[in-house]
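One chain, chain A, links the two complexes that follow: it is found with chain B in the first and with chain C in the second.
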Partner chain A sequence: MDVLLPRTLEEALEMKAAHPQTVPLAGGTDLMVDLNFGRLRPPSILDVSRLPELRVLSREDGHCFLGAGVPYSRITAELGEFRPLAQASRSVGSPQIRNRGTVGGNLGTASPAGDILPVLAVYQAEVDLVRPGDTRALAWDRFLLGPKRTAIAPDELIAGVRWKVFRGTGSFSKIGTRNAMVIAVASLCLVLDEDARQVRAALGSCGPTILRAAAAEDYLTAELRRAGSWDDPACRLGQPVIDAFAERVADAARPIDDVRGTAAYRRHGLRVLARRALAWALEDRRQGR
Partner chain B sequence: MTAIRPRAGIGGVGESAPRVDGLPKVKGEFEYASDLRREGMLWGETLRSPHPSARIRSIDVSQAAVRPGVRAVLVAADVPGRPRFGLDVKDQPVLAAEVVRYAGEPVAVVAADSQEAARQAIRAIAVDYEVLQPLTDMEAALHPDAPRVHPGGNVVRDVRILHGDPDAAAEVWVEGYYETGMQDQAPLGPEAGLAVPAVDGGVDLHVATQWLHADHEQIAPCLGLPEEKVRLHLSGVGGAFGAREDVSMQIHACLLALRTGRPVKMAYSRPESFSGHVHRHPSRIWMRHGARRDGTLVVVHARLLIDGGAYTSTSPAVIGNATTFAAGPYDVPNASLHGTAVFTNNPPCGAMRGFGAVQACFAYEAQMDRLAAALYMDPLALRLKNAMRPGTVMPTGQVVGGSAPVRKLIQGCAAMPLPPEEAAGGRDPIRLPGGAGNTSRGEGLARGAGYAVGFKNLAYSEGFDDSSQAWVRLSRDGQGAMAEVKTAAVEVGQGLDTIVAQIVRSELGVERVVQLPPDTAIGSAGSSSASRQTMMTGGAVQLACQAVRAELEARAGHHEVPDLIEFLDSPIEAVRTFHHRPTRALDGTGQGEPHVAFAFGAARAVVEVDRDLGLVRVVQLAVAQDVGRALNPQSVLGQIEGGSAQGLGFALMEEIDLAGGLVRNASFTDYLLPTTLDMPPVVSLLVEEPEPGMPFGAKGVGEPSTVVVPAAVVAALRAATGRALSRAPVKPDDLVGLRTFPGYRPPP
Partner chain C sequence: MIVRLQVNGARREADVWPGTSLLTLLRDHLGLYGSKNACEQGECGSCSVWLDGELVCSCLVLGAQAGGREVLTVEGLNLERQAGAVQAAFVEAGAVQCGFCTPGFVVAVTDLLSNDPAPSEASIREALSGNLCRCTGYAKILDAVNLAAGRLRDSPA
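The block that comes next holds the complex of A and B.
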């Protein structure tokens, strides 16, 4: 097996075009497991971990761009104002894994358990894909097609993700059966977008891919409007509304029984997380946090 | 007459001497078996059955044999000697010939120039299986119409113990049904070794094991070689916990080395390691306890079933332990205890830290809490009232001899300071159940505490003479006196090498101790199992040192000299063997004197549970342990902490998930071990009451914490949630009520 060592993104793209079967390696936290377990035998590996272009973190025109090669430890250290993103990044693996694992890896692997994917879903992020002389941006849900399936072309690399910065509270929570270093049994990301006056919620590990809980979002968006809460965060929502929202979040799940958890528990856990996340968001808005 | 006097401060017995292997291990310089290398060596790989039960119609190795770099492909017909091996009962094929009895059973082995080439060759072997319906339920195995895993039937061993009047009347009864899962030892070092063909036609095997001589005794006949032509050398052992009692790659590597005339290395991957060793027996346990209204235990009825999987391994001894301990460390005048180990087509089960005592403790301690509740009695008071003491007659008729400070342990455990209460809100969520997942700001939080008391036998039982031999040589060079010591005892990480050095320093007053590598050139040391090496090999080293000392003192005679080193013009050597006192096997009604000695333990767990999500944070473990005498207090505390972590894992997350005989979580991604965020601080109390007949009064210390911590953690979870929780590991589904088990059902 060859290892290709490009020094620039341009060189990497030429190599990828010349060797479409090559598999990019950044942190290696997914790829090396697959190699070690004999699940993958690519003819070559393309080491993209040294490319400066992929380690960019920038803000412009009200957008944030997160390079595909930025590791989770940097996100928690430098993007603390994007609280759900920082919370999701902190929930990834161990400190060692967070030093190596990257956003691009989470996207490229496209596992329904990818920890930051529900965050990207509620951020309505776009994935920047590059090929020699060309770049295209795909909405997150046009990029993630199914379990471990994406819309990337053989000659493309993931450059990073971009999202429109908005005002609002939110959180990311992940249930696992141990207190760290665990693959999500179920996860939930909730944001209240004050600019768009819209609620967005996404579920991880509860279906073949990341799911948005559209009915729950619409319901809560409307309830907040009805209560006048978008204008005045002090307006309270009744417990029945919170429960109904949680029920709709749980209904959005399409969970299965697997070695990590039962479908019944996943649905149950989502219901609890939804209640909590909404209560926290409402409280944080009231406190101006 | 001049005598050697113990000198303090030279790293002798009773001091927390630094580990002799500590620095190289911390610095990454220690050579583990997986690091072994030889010029020109080949790599061995194993083809394993994907089916839990199948008949082998044919094996075609022709495609594999012609692949580039492949030097040998061996199947059952290529085994020159005895076709089967096993620790006691030789029922396990070196390579499966006609049938496979579990998924993961070795069918063929390959040696090739690289590991990659060997792995590809494995995939090129074509095996034609006639797939059979596997027997995977331990209760179904008892059914007369069940398929027979072995021609002799599905019962590995049936143990019945009748004591006093099992029909005795009691005023208060409680009954319960309990289950425990299949735990993996999960040593960080997977199975590995290097076989080197020798010029005499024999073979030298460098291997990570727990007992060189038991491996040796199994390997040589399968190779068709006389014992002296097979020599075993210990390689660095990356943890064992029972997983290295059974032979894994040893015979295969030797066969390949002898066939190819080249050194052959085999090193299992993590997934393969789950197939490469036995596991902790899953259990189903039915118990009824009868007591007087004042809390005095009158009678215990227990039915224990453990799943031995496809081969015998140590199942007979494990069910022996589980059954003889089923009434707990209590004075129980009447009992009927019935234990059975069965064969199934699940992966074989055998030795793991706690060895049958863990499963029993989980059940009998749950029963003690149930009984306390039924009596409206404090659970600790109930235990204190019935605690075993020296002179207590056990259900086997064995009288508890030696030290048995059970009451002291219970009281000491309860007296250790509780962790401070913490407000639910305002914490970093990482200090709440759910940890790094940010699932809570303190909602649904409940705290609970639970206790458990238990015990474990020390050394081998039921008539087994597991002796240990040591060689000691005292000499002098330019730097002064030096002691050399050699045994075949295995340092598995428990700290034995350090203890041996400490004993030599104390007995001979010599600071400089050189330990020679363990191999089969010296007599057996027995297994690094059953909490026995400090007592057994420590005892042999002490005896050999005493013989050397006697000779030195005889040389000195009546001369008054400042230093006995003057009499070391020629070195003094001694070889001694240590035997524990004999034990007696059980008779037809389970009467005998099966155990050498006991180590008792008491644990208290304090847990926090997120009752909505069923997530857990263990806040503190407090363990009081009966250690006889702590030869190295730091090392003892390390054993208690490590054993507690393994017990916590068993209670909360560690389980091999089987579906139809297939392991579904053969990786550390899905077989979860506690992390530093799951494992709380351990506070320990060492109760030192010397054990007669053991060196310095020491008891083995490796297992009691693993025995009691699972029961204590689950008791604490019951206290926090009010749920019955009759199965370990406890899953989130259990804690939120999505999964329940029958409180009681009739035993089979």
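The block that comes next holds the complex of A and C.
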């Protein structure tokens, strides 16, 4: 085994093209575990933790760009205005893990439990993939193909993600056995997009990959319109509407039984998360937050 | 491969298998046994060190990634200053039983108090959420953090 130590993204791309089997390593929160336990023995490792191009965090033309090498601790500290993203980042692991784990790692590992992935799904983010002399942007759902499967080509690296900024309140919440150091049993990102007057919701840990709850989104969008709530946030929704929304969120799941929980528990958890997230969002809108 | 790095202020080098973690490099190649090897998956915090000033689990850092960088381990803490107050508070509060997790906790608490000299209980719990102790039940560890924080506020190191 060999370690490749590029200093720039250009160098890294040349190395990746020359050694397609090389495994990119950033914060190590997934890959180092596999290395330590002897489950991973790649021909070489490509250290992408020193590439300044991947640590970019920028805003332009109404879009936000988050470099693949940005760690969760920096998102929490610097992107508080994107509340669901900051909440999801703060829910990752522990301080030690958040100082190392990166956006690119969450995307590259493509676990259905990746904490920031439901948020990126709600933001309709695009993933920037780079190869020598070329960049392409893939919508999140064309990048994430299944459990730990992505559309990345062997000569590509993840440069970062980009999304269009919109107005609206929302949250990320997850269920696990502890508040910290937990892989989500179920997670939900819910945002009320005030620009498009459209509800957006995505589920984590409840299917082979991240799922948008389209029927739940459309139902709640219409009910908010019927109640006049898009124009006047003081208008309230009845409990039957909230329950019906929660039911539709749970119906969007395609969960399995595994070591962290049963499919039935995951659906139950989603109903609870959906009711809570909606209550928080409605209250935030009433308070003008 | 040869990894050259700065450890506790001194230039060190180690000839390691390329897949070696920073933790193994520190313990088995440099003889620094203060960082403990327990879970090797970032769950327990016993191997906590600073990498270029950031609190990390050394088991999740590839040794080669620390090349050219600065590592501070529990052995390198300056006991004349903040870390000494943390160490003394752990002893006095009875926050040490078997002692295995203690170096990691002392590192994490020192990191917390240098960023937040008057942490709330919620902040302490969040800051220490990546460090496991299977003996104390944590109550005395929280006591120790409050004791150290109070003393450092009264007489800043």
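Heads up, the rule we're going with is that the second predicted complex is superposed on the first by the 289 of 289 C-alpha atoms of A that agree within 3 Å, B and C clash if a C-alpha of one lies under 4 Å from a C-alpha of the other, contacts with A are read in each partner's own complex, and residues count from 1 in each chain.
Here is the rule we use: a residue touches a chain if its C-beta (ideal position, glycine included) is under 8 Å from a C-beta of that chain, and two chains touch if they have at least 3 such contacts.
Not measured: the values here are computed from a predicted model.
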item	value
Touched partner set for A:197, first chain B, second chain C, both or neither	neither
A:164 touches, of chain B and chain C: first, second, both or neither?	neither
Which superposed partner A:36 touches (first chain B, second chain C, both, neither)	both
Partner chain(s) touched by A:273 [first = chain B, second = chain C, both, neither]	first
Chain C versus chain B, contacts on chain A by residue	B
Chain B versus chain C as contact partner of A:177, first or second or both or neither	first
Common interface residues of chain A - those touching chain B in one complex and chain C in the other	33, 36-37, 94, 178-181
Contacting residues of chain A [partner chain C, same complex]	1-3, 5, 25, 27-29, 32-33, 35-37, 41, 45, 47, 49, 93-97, 99-100, 178-181
Partner chain A, residues of chain B touching it in the complex	119, 269-271, 430, 433-441, 443-444, 612-615, 617, 652-653, 657, 664-665, 667, 669-670, 672, 674-678, 731-733, 736, 738-739
For the chain A and chain B complex, residues of the former touching the latter	33, 36-38, 87, 90-91, 94, 171-185, 187, 259-262, 264-265, 268-269, 272-273, 276, 280
Partner chain A, residues of chain C touching it in the complex	1, 17-19, 21, 40-43, 45, 48, 54-57, 59-62, 64-65, 67, 108, 111, 126-127, 129-131
